[in-house]
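The following blocks contain the structures, represented as structure tokens.
Same chain, two partners: chain A is paired with chain B first, then with chain C.
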Partner chain A sequence: MDGATFENLNLFLNFGLPLLLLMIAYFIGSMVERRHFSSIRKRENENRGYPVVSFDTMPDDWKVSESTMVAGNIVVSLDYFKRVIAGLRSLVGGRIKTYEPLLERARREALLRMTESAREQGYDAIFNVRLETSRLANSRGDGNGTAGVEMLAFGTAVKFASRFARTP
Partner chain B sequence: MDISNTDSIPGRRIVEFYGVVTGNTVRAKHIGRDIMAGLKNIVGGELVGYTELLQDSRTEATERMIQQAQSMGANAVVNVRFATSSIAQGAAELFAYGTAVKVE
Partner chain C sequence: MRYVPKQPREGINVSDTHPLVEAGTLVVGLSAIFILIVLALVFLIELALYFVPAEKEAELFRDWLPDDLVTVSPGDERLYETQLLVDRLAFHWADSPYEFRVEIDDSEVANAMALPGGLIIVTQGLLDQVESENELAFVLGHELGHYRNRDHIRALGRGIVFSLFFAVATGSSDAAGLGLKVSDLALRGFSRKQESRADEFALAMVYTQYGHVNEAWRLFERWDNEDKSILDLVTYLSTHPQAGDRVESLESLAVSEGWPLHGRVTALQW
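== the complex of A and B ==
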């Protein structure tokens, strides 16, 4: 291997590889995000009209025959490109826009999973919905390595006593 | 066993209180899942292995809470809450707690 080839290889490993990873992460990451958002919108439309409320007491006109607790969760992580952008952003401060859609779609997905599991089990509505966010520990002590954010949605699912029990 | 995260079981009346019941589980990450999650970290998106891991752990913590309530003679647990705490590098405790009660 002559000097020039070695130089080129060195250059590639130092700059080319991270750049390539950045590009792959950017394209796949934004594709994954677009798809996820369109799937969320579609499923939210299907669930329109299904009562999911965050009140801690039931509306007076709900006559209930059966209840249980339902939950939905998801663990998500940022792609490499967005992590780099967020890292740069933290130098100057301000709003980190790349994190916002991630947390938003995770939260909506957790809510959808909770709703879908209640529907599958034959429940008619969910109330006292609560949302929780927790950060999973990094696998390495230095703050690098695998990390994710968990979104948890849970609530009490109820079955109405009769089909028309909701009409006041 | 009825469980709910509100302070009553909808449509039922609480007749007796048995106190707070808890259930927990401590889980470590699976190395295979961790490697997959590491790869997934490049392109972002859902870490399915972790989602399942946490879901299973939470189900187990809930089961244990229910067992404790049953051993007290309760037939429902109300006001259930979940909490997660990271106790060591790569290990986390998940626990569920609530109030064991008897409903009509």
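== the complex of A and C ==
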């Protein structure tokens, strides 16, 4: 290997490889995100008529026979592209726009999983819905990296005593 | 209260800026800021060079030694001979404000450095690799050339830029690390120009000392031929011109100046 080849290899390792990784991460990341969003929209549409509310007490006109707690949970991670852009953003501050779709996906997916679990068990509605987020760190040796976020949605699912109880 | 089912509204929690637009804005904006910082630092360094003349610098750093330097014992033969050679070479630079001091670093990587106050550091690795006094004289003359052009102060300035960005890089993310690499590439161009000027000074000095320039660039010829040592010299090659290019430009300089390419080679004194 002569000097020029070595220099070129060095250049590639220093600049080409990170750029290549960034591009791959961008394409895969945005494809995954697009597919996830379209799945979320489709399932939200299927669950459109199902009551999921955040009241902490049950509406007076609900006559219920049974209740249980339901939960939906998701852990999502950033792609390398988003992480790098967010890193650049953190130098000057401001909205980390690349993180916003990630959290949006997490929230809606967690709510959907909760809803779907309640429907599968034959419940008719969910009230007192709450969302919680926790950050999973330690993806890097120094503990500063972000492995991803966990989004937890939970609420009280109820079975109506009568199908007609809702409408007075 | 009636429950009216609705789909969640889109576009409230997610900004509609395309990620690539966001990336482009950040990269362009931050590069502009970075260039401004570097230009400001370059300006400050030139200002410092103007207000702190070489005499003042030599006085300020008279007894200074870097803390992390591991030196050989003061009685070392190679240290003595190298110091002697530097003194003989510096004799040809009559109005030099520096009192040159030589220290030997115990590193195996062949390298030589010019530090403020006339402190020349040569590594064990370099002394192991030189085969004649003429070769060593050229390397030392090269460092003297850096003092002549006061490149060593500019190199310190570069070091400040790097440590600044290194601090940002460790503080935030791997993104700044990429910026560090880009700035390194940008600064290599400046660095190579300085190295060529120092090479020219060194060759003139070797000619004045020995009356010919035989073997002056033998070291670079060997590095150019030996693949292995080129791999060992990553740090050297990154800031200096390629060994082969150096040999070529030195040869053409000697020819155009009419300096003899042949002459008696002086053996090393150890």
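FYI, the second predicted complex is superposed on the first by the 161 of 168 C-alpha atoms of A that agree within 3 Å, B and C clash if a C-alpha of one lies under 4 Å from a C-alpha of the other, contacts with A are read in each partner's own complex, and residues count from 1 in each chain.
Here is the rule we use: contacts are C-beta pairs under 8 Å (C-beta built on N, C-alpha and C of every residue); 3 or more make two chains touch, one makes a residue touch a chain.
Computed from a predicted model, the values in this text were never measured in an experiment.
Enquirer: Examine A:158 and indicate which partner it touches, taking first as chain B and second as chain C; both and neither are also allowed.
Expert: Only chain B; A:158 stays clear of chain C.
Enquirer: Of the partners chain B and chain C, which touch A:44 in the superposed model: first, second, both, neither?
Expert: second
Enquirer: Does the superposition put A:82 against chain B (first), chain C (second), both, or neither?
Expert: In the superposition, A:82 touches chain B and chain C alike.
Enquirer: Touching A:69 in the superposition: chain B (first), chain C (second), both, neither?
Expert: First partner only, chain B.
Enquirer: Hey, what residues of chain A end up touching chain B and chain C alike?
Expert: Comparing the two interfaces on chain A, one with chain B and one with chain C, the shared residues are 82.
Enquirer: Taking the complex as given, what residues does chain C use to touch chain A?
Expert: Of all residues in chain C, those touching chain A are 1, 3, 5-8, 13-15, 17, 19-20, 22-23, 26-27, 29-30, 168, 172-176, 178, 181-182, 185, 224, 227, 230-231, 234, 237-238, 242-244.
Enquirer: Chain B touches which residues of chain A in the complex?
Expert: Against chain B, chain A makes touches at 21, 24-25, 28-29, 32-33, 36, 56-58, 62-65, 67-69, 71, 73-80, 82, 102, 109, 127-128, 130, 132, 134, 136-137, 139, 141, 145-148, 150, 152, 154-156, 158, 161.
Enquirer: Hey, which residues of chain B end up touching chain A in the complex?
Expert: Residues 2-7, 9-11, 29, 34, 37-38, 40-47, 50-51, 54-55, 58, 80, 82, 84, 86, 89-90, 92 of chain B touch chain A in their complex.
Enquirer: Per the contact definition, I'd like the list of chain A residues that touch chain C in the complex.
Expert: By the definition above, chain A touches chain C via 1-4, 6-7, 10-11, 14-15, 18, 26, 30, 44-45, 48-51, 53, 59, 81-92, 95, 97-98, 100-101, 103-104, 107-108, 166.
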